[in-house]
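One chain, chain A, appears in both complexes that follow, with chain B as partner in the first and chain C in the second.
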Partner chain A sequence: MANTYTLISSNTLSSSAASVTFSAIPSTYTDLVLWASHRVDVGVRVNDQLTLRFESSGANTNHSHTQLSGNGASAASSRVSSNYAITIDEGTVGPGATSNTFATSQFYIPSYTSSANKPVSIDNATETNATTAWRIGSAGLWRNASAISTIIIANNGNFVAGSSFYLYGINNS
Partner chain B sequence: MPSTYEPIATTSLSASTSTITFSSIPSTYTDLKFILVGKGATATNVNLRFNGDTGGNYFAAYLQGNGSAASANYQSSIDNIYLTQAINWSDTYPSFLEADIFSYAGSLQKTITASTSGDYNGSGFATKWVGRWASTSAITSLSITAPSNWAVGTTATLYGIKAA
Partner chain C sequence: MTMAIEVNCETGAVTERPLTPEEIAANEAAVAQAAAAAHEAEVKAAEDAEAKATLLTKLGITADEAKLLLA
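Showing the complex of A and B:
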């Protein structure tokens, strides 16, 4: 029987952390999916920025994205090119939000071992009982021919305890 | 352990083609998920059809962003579901499509949600769709067409999801 959707690794934070890293990702799957529930401790805002990258150093500029977002009042689209990470503006929940509310993210990374550049599909939502709630869909890109073996998800401060991250591998055969 | 998420069929193109079709879809699942990673659809609309139906039986609403502005529209009684609207898919960078097709074997009309996305480091798009196929027939085939060809290496996979 096919084992199509397999948990590779998970991390539920028992204390705050600036970032979460999945490393030594095996190359035995077709696609990857990262599910995350997260809140951060930076500033006073209701929402803040989330970042995703596939290079440990953070010094290169091989990431880019095109973002589509709506906040209950209006829709917008934006772009960042040649960046150190894929950024999701308003993609996580900050200290200004209702207590115990978290953002939800799905990152779908198809063909992560291919020798082509790597697309990423991002689905993100925050609803915090505030006057605005964000729903975001983004196209991400990592311009690199290497297989993805590391994923780093971060923010402008620290993820709070209780934030959780699950990385799955998907097989298409 | 029950297997609730199974690949039904997959194809990776060894020659360019305008239409990818999955046929003889079994009715043994609850929902379908369709994944495509593709290049080379360098024209406007990428079209999704079921059971070869070319009648005006599709309805859809979409929200789309191109990096500078967002747009939305509703389309009724059209002959397919446009999974991107007036967007050029890159020949250089792969783009992505994820579609969920709910209760595809039931006798009710069929609801489809889809996301398409492609970032090309300076251009690109992200789109969210909801669609309806106004047919009570079970879905037994699915076709996705690019006005110009899908490039070699384009990969498409159809998964079945079981509720129990």
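Showing the complex of A and C:
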């Protein structure tokens, strides 16, 4: 059980941006958790895709994930292996969603300095004033022996102003 | 212009800069890879459904009757 929960850094967008990167993440914690509240400007879509990756170059296909989704009317599952990023379908809300609603995500990354591959547990909830909204649980993986020092969260367009991102470090002692 | 926000956790500095071509390519590649995987899954599901229907026809039973047999 974590007994510390320390804000490492945060950013609330004052104008739109395609991606938010946390770099130079200190290696002094046991786990990391990233909380994000986001909305994107892609087309007329109610929901759109969210991407997460742990390396700046984006040149390696060493991310994978399995996703379970439900929106109150239907359920879906998907798996993508060996990708350039973890991709969460319907993971954020777009212009088709009720104005000023945002999706919420939590990315929990245990043992992020371990030399083993890095799992990430992802929870998403979308918001809109409609009969359906997505609730998504995903298991992600970054196959790399390096400590995580960079986290990049992006989408197919731009995160709108007001989207916010909070990175916490957790210590187990 | 498409912008990227970078927060340096060590210094606290926040930098706003245009996305590099490599970053744009990385995101597009990830999205394309996910779309390809989704398409592959859809094709497999369709193939499985067709194979199931063919087998039921061959056996001369309905899907409900097959469920009864397997229950």
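Here, the second predicted complex is superposed on the first by the 169 of 173 C-alpha atoms of A that agree within 3 Å, B and C clash if a C-alpha of one lies under 4 Å from a C-alpha of the other, contacts with A are read in each partner's own complex, and residues count from 1 in each chain.
Here is the rule we go by: a contact is a pair of C-beta atoms (placed from the backbone, for glycine too) under 8 Å apart; a residue touches a chain by one contact, two chains touch by 3 or more.
Please read these numbers as outputs of a predicted model, since none were measured by experiment.
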> Can A:Arg79 be said to touch chain B (first), chain C (second), both, or neither?
Replying inline: both
>> Tell me the contact category for A:Arg143 with respect to chain B and chain C: first, second, both or neither.
In response: first
>> Under the stated touch criterion, which partner chain does A:Ala36 make contact with: chain B (first), chain C (second), both, or neither?
In response: neither
>> Contacts for A:Val46 in the overlay, against chain B (first) and chain C (second): which applies, first, second, both or neither?
In response: neither
> So, A:Ala103: does it touch chain B (first), chain C (second), both, or neither?
Replying inline: neither
> Following superposition on chain A, which residues of chain A contact chain B and also contact chain C?
Replying inline: 78-79, 81-82
> Within the complex, which stretch of chain B touches chain A?
Replying inline: 3-7, 10, 35, 37, 63-70, 72, 92-96, 98, 115, 117-128, 153, 155, 157, 159
> Given the complex with chain C, which residues does chain A contribute to the contact?
Replying inline: 8-11, 13, 15-26, 49, 51, 53, 57-59, 61, 63, 78-85, 87, 89, 154, 156, 158, 165, 167
>> Taking the touch rule as given, give the residues of chain A at its contact with chain B in the complex, in rising order.
In response: 1-5, 30-31, 64-70, 75-79, 81-82, 108, 110-111, 116-123, 137-141, 143, 171-173
> What part of chain C is in contact with chain A in the complex they form?
Replying inline: 2-12, 14, 16, 19, 22-23, 25-27, 29-31, 33-34, 37-38, 41
